[in-house]
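Structure first, commentary second.
Chain nomenclature is as follows: A, B, C and D, assigned in order of appearance, with residue numbering initiated at 1 for each chain independently.
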Amino acid sequence: MEVLHMFGSEEQKRLWLQPLLKGEIRSCFCMTEPDVASSDATNIECTLDRDGDSYIINGKKWWISGAGNPDCKIALVMCKSKQPDASNRHSHHSTILVPMDTLGVIRVRPLTVFGQDDAIHGGHFEVHFENVRVPTSNIILGEGRGFEIAQGRLGPGRLHHCMRAVGLAEMALELLCERAASRRTFGKALYQHEVVAHWIAKCRLMIEQTRLLTLHAAHALDTKGSRAARKQIAMIKVAAAQMVCKVVDCAMQVYGGAGLSGDFPLAQMYAYARTLRLADGPDEVHLSSIAQLELRDQLKKAQAKL
Amino acid sequence: MEVLHMFGSEEQKRLWLQPLLKGEIRSCFCMTEPDVASSDATNIECTLDRDGDSYIINGKKWWISGAGNPDCKIALVMCKSKQPDASNRHSHHSTILVPMDTLGVIRVRPLTVFGQDDAIHGGHFEVHFENVRVPTSNIILGEGRGFEIAQGRLGPGRLHHCMRAVGLAEMALELLCERAASRRTFGKALYQHEVVAHWIAKCRLMIEQTRLLTLHAAHALDTKGSRAARKQIAMIKVAAAQMVCKVVDCAMQVYGGAGLSGDFPLAQMYAYARTLRLADGPDEVHLSSIAQLELRDQLKKAQAKL
Amino acid sequence: MEVLHMFGSEEQKRLWLQPLLKGEIRSCFCMTEPDVASSDATNIECTLDRDGDSYIINGKKWWISGAGNPDCKIALVMCKSKQPDASNRHSHHSTILVPMDTLGVIRVRPLTVFGQDDAIHGGHFEVHFENVRVPTSNIILGEGRGFEIAQGRLGPGRLHHCMRAVGLAEMALELLCERAASRRTFGKALYQHEVVAHWIAKCRLMIEQTRLLTLHAAHALDTKGSRAARKQIAMIKVAAAQMVCKVVDCAMQVYGGAGLSGDFPLAQMYAYARTLRLADGPDEVHLSSIAQLELRDQLKKAQAKL
Amino acid sequence: MEVLHMFGSEEQKRLWLQPLLKGEIRSCFCMTEPDVASSDATNIECTLDRDGDSYIINGKKWWISGAGNPDCKIALVMCKSKQPDASNRHSHHSTILVPMDTLGVIRVRPLTVFGQDDAIHGGHFEVHFENVRVPTSNIILGEGRGFEIAQGRLGPGRLHHCMRAVGLAEMALELLCERAASRRTFGKALYQHEVVAHWIAKCRLMIEQTRLLTLHAAHALDTKGSRAARKQIAMIKVAAAQMVCKVVDCAMQVYGGAGLSGDFPLAQMYAYARTLRLADGPDEVHLSSIAQLELRDQLKKAQAKL
C-alpha cells in the first residue's frame, strides 16, 4: 500500500491503490525466496525477462504474508533482471505488480510458525511464479529500482510491527500479574516470590523503554522522513522484537505448564513474537546497520570537533 | 517404573513392575493439577478417602505424559488424605496405584505444547478421577509417604531428561553449522559472519559444560545415591533446560524464516526444549533448592574451619 | 540542599540553605552505617537522645560523600530515637542538622572505590558521632519524620545521577568508536569485526532507551511531583546504573589492556559506574519497589475493567 | 619457563632454565606493544636486525608481567625480522632471549589495573628496547619461528590462569554466603531474599561447570598434547574469565558499599578477574578460534556420514 502511494504511477494508483484504500482488495509483498538467504536482498533470484510489451517472471517465493486471503488480488514481486547493468550491484532488482489471478501464479502451500498456520491473517504462503506474463506498465518506478522501493516501504511497516509488539507485551505483563496474584506456592502468592517480582519490574522497564523509543522513532519518521529516521527505525525493530520475546517468555514461565498449553494465549503469542526477530529482516542485519550509522555519526562529531 | 522398583511391595512388583519391564504395558505419573500451583506439591488436592478395604479418589490432574498411549495401563496418583495428620505438612500426601481402566478414570483431553500434541509419545492428558475406587493394598509404602516417593523418583528421571537435552542440543548445533556453511549473505558464508561464528563457539561451550555436569551428576547418583546427589541433580536440571533452549533458539535464528517452519525440526525442538524448564519442576524451584544446599555446605565448611 | 529547600524551617533555611545556594559552603548526607545493612533504612542505629534543649547523637556512618571537602560545613544525619513510638516502624527515625565542626564529629578515614579515593569530589568518608550535642531546633520537620525526608530527597538526586550516567555512557561510546576506528587486527579495523560493530549498535540502543526514560521521568517529576513519579524514578535508577556499567565495560574490552590502565579514563569510569548500582539504594531494592507499584497499577486496571 | 623447557637449546637451558627451576631467578614474556593491536600477533613491530654475530632489538612493549621484580633476570621478546620472508605472514616473527640487564633495556613505568599496581607480583611494566644487542645464539628455535613458540607456550599457561580463576570464584562465593548469612534487610537475612538465593545457586552452577571443563581440558592436554587440546584450552580461557567476573561481581553486590571498599578483597579480586578477559588474548579472539575448530569438526563428522 505504502509502496503504491509513494512510488506508483497514476495508472497504477487508480487500478490498485484505490480499491486497497477502500478495503475492497488486499495485497502481498513477495521478496523472500526459499533457495537463497534473503536477508541480503541482492541474493534474490526470481527472474524478470523483457519480451516485447511484457515481462515474464519465473521464481519461487515463500513466507508471503496474506497471500492466502481470498481478497488478496495483487502482489508486489521483487525480481532480478535477466540482463542487469553489471556495474551496480544495487540496480539489478525491480518491483513489479502481478495480479494474483494471472496464469502461472501458484499458491503452493501455507507455511506454519511453530506448527500454527496463522490462517486468520491469510497465512504465510509459498508462492511460485511460472512463466507469469504481465504488461511492462506494471513495473514500479522502472527497471532496476527495486532497492529504492524496498527501502522506502519498510519504515512505516516496521513501526506498525513495533507498536503491535509493545501492545502484545503489555497484554503479556497483564496476564503475568493476574496469574502471579492468584496462585500460591510455598506459602506465598507468586508475586511475593522476589524472583517473580523482579521479573515484573524488569518487564515493565523493558516495555517502557521500548514504548518511548517507538514514539521517538515515529516522531522522527513524521518530522524528518524515512531516510533520516533510518537509525531509529532499525533500533526499534531490534529492541521491540527482543523485548516482546523476553516478556512473553517470562509470562509463560509464570503460568507453569498452563503457559505452554492452548488454554491461554501465551504460547501463540510467543510464536508470533518470535517471528518479529526475523520478519522484515533479522536482528543481526539491523544491528549491523545501526552500527554503521552510529560510526558515521561519531565520525562527523569527531571531525566537527577539529 | 523406578518408583515400583524402589518402593513397591512384592505383590505390586509382580502385578505391575514385571509387565512394565517386559515392555508389555506402560505407566503414567499423576501429580500436577490444573487448579493449584503444583510446583509446590503440598498444594495437591486430589482426595484420598478410606472406605473399608478401599480408597476412593477424587480430583483433576493434567499434563499427564503418556496417558494417551493405549498401552498405558497403570497410573501412580498423588493424593491428599482426607483426614491428614495435622502436625506435619509433609505427611498429608500419598501415592497410589490406579489401573487406567478403573471406573471413573477419565482421559478428558490431550493438551498441546505450542499447539502441537506430541501424540507419538502418548501425549500429555488432562485426566479426571471421579469416585475412583481401588483396594487399600494399592497404596505405595503407606499413607502419608507420597513425598518420600516423589523425591526418590525424580533423580534418575531428571538425568534422562538432561541426557536427552544434551543430545538435542548437539543435533541443533549440527544443523546450525550445516546451514551456516551453505548460505551466504553480504558476500560471506553465514559462518564467516563473526556474530554467527561466536554463537557457534558459545553453543559448543554451553553444551560441553552441561555434558560434563551431567556425567558428573550421573556418577554421583551411581556412587553416592539419590539423596547425596540432590544438589547435582538440581543443578543439571536447571543447566540443561536453559542451555538447550538457548542453543535451539540460536539455530532457529540462523535458519531465518525456515527455522520457524515445519520444513526443519527446529521449531518443534524448541517447543520440546521449552517444556524442560517446567516439567519435573520449574527452574526457579530447583534454583531455590540449590541455594539452600549450597548455604548448608558453606556453613559446614565455615564451622569446620573453627 | 533539596531537603532544606523542601522541609527546612525559616531559621534553618537562613542559616544553611542560603550559604549553600551561594556556593559558600557544602553539605553531606549521613545515612549509611557500617554495622547494619543500610539499604533497609529501618536498620539505622545511630541514636538521637533528647536532653533538655539539646539532642545527643551517637553512632557511626560511612560512605559519606563530600565529607572530606574542607567547604563541607553541615551534615544531615539520620538517627533513631532512643524512645521511639513502638507502634510504627516508620516513625522511629529523624533527620537532624549537625555542623561539621561540632565537638565529637570525627572524620575517621576516606574510603576507596576500587582502590581509588575520589578525592576531587571530597571523597567518601567514615564519620563517627561521639556524644555530639546540637540544639533541638536543628531537627528537620520534627522527631520521627526522617523517612518522609529521605523519600522527598531522593527523587531529584537520583535524576542527577542518571543524567550523569547517560553522559558518561555517551563518552564511553565515543571513546569506543574512536579506538575501533584506529586499530586493526586480522586484516580489519576493529569496528569491521562484526562482534564489535554489534556492541556499538547495542550500546547506542541502551543509551537511547535510558536517555528517553530519564527525560520521561524528569517530566513526570516536574509535572506530577515526586510521589507520583516514584515508579519512573526507581526505573531510571536501575536502568541507568546497569546500562552505564555495560557500556563502559564494552569500551574497556575494545581498548584491550589499555582499557584497564591509567592511560585512558575507562577503568576509573567503570569504578564510578559500578557505584551507581549501590549508591542511593541497590538495584534490588528498587526493582522490588517497581514491582510493588506495578502490581498496584495492574490491580487498579483490573478492577476498573469490572 | 615452559618455552625454554620445550624449545630451548641445551646451552639456553643450562644458562636460564636451571636457575629458573631452582627459583633463583624469574623471567618475563614480552609480546604486547602499546602502538599496535597485539591480540593479532602478526601486528608485532619490535624489530630484530641481524648484525654479524648479534641481533639488534628496537621496540616498545607493555603489560610485561613480573618485569618489575628484582629477581627478573631474563626476558623472552617477540620481534619481527627486518628482512622477513615475504611469502608467509606467519614466519616473520621470532622469540629471543634478552637478559634484563643488557644495555638499552629500559623499565619505563609500571602500569596500573583499575588504579592498582599489583606490585606484589612484580607489577606489569612498560619496557623499551633501544638498540639492545644480544648474541645470535639467544634466538629460540631459529628466526621466523616465534609463532610456533607462542602457540606451544600458551596451553599450560592458560590452564594455570583458569585454575586460579576457579579458586578465586570459590573464595568469592564463600565470602558472599558469609555476608548473606550475617546481614538482614526488610525482616530477612540476605540469603532469604530469593534473588540473592538464586545468585548463590547460579554462582555454584557456573563454578562447577567451569571446574569440570578445566579438569577436562587439563586431562586432554596431558593425554593428547597441546595441539589436540586447542579447542578445550580456548574454551576454558573464555569460560573461566567470564565466570569469575560474574561471580565476583555478584559477591560485590551482596556486600553493598563495603564490596567496593578496601575493607574486603572483592574490589581487588574484580580488578584481577577483569584482566583475565584480556590477558593471554581477549575473549573474542578465543571465541573465533573455537568456532573455527568446531566448524572443522562438524565438517569432518558430516563427511564421515557420507
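A few notes on this one:
Please note the rule applied: a residue touches a chain if its C-beta (ideal position, glycine included) is under 8 Å from a C-beta of that chain, and two chains touch if they have at least 3 such contacts.
Just so we're clear, the structure is a prediction, and the values are computed from it rather than from any experiment.
When the C-beta pairs in contact are tallied for B-C and for C-D, the bigger tally goes to C-D. By residue number, over half of the touching pairs seen at A-B are also found at C-D, the match among A-C, A-D or C-D.
Averaging Cα coordinates per chain places subunit B and subunit C 46 Å apart.
Rounded to whole angstrom, the centroid-to-centroid distance between subunit C and subunit D, based on C-alpha atoms, equals 37 Å. Across the assembly, subunit A contributes 193-195, 198, 284, 287 as residues in contact with two or more other chains. Those residues of subunit D that touch subunit B in the shared complex are 173-174, 177-178, 180-181, 191, 194, 197-198, 200-202, 204-205, 208-210, 212-213, 216, 231, 235, 238-239, 284, 286-292, 294-295, 298-299, 301-302. For subunit B in complex with subunit A, the touching residues are 32, 34, 36-40, 43, 62-63, 111-116, 183-186, 190, 193, 195-196, 252-253, 256-263, 267-268, 270-271, 274-275, 277-279, 282-285, 287. Considering their complex, residues 193-195, 198 of subunit D touch subunit A.
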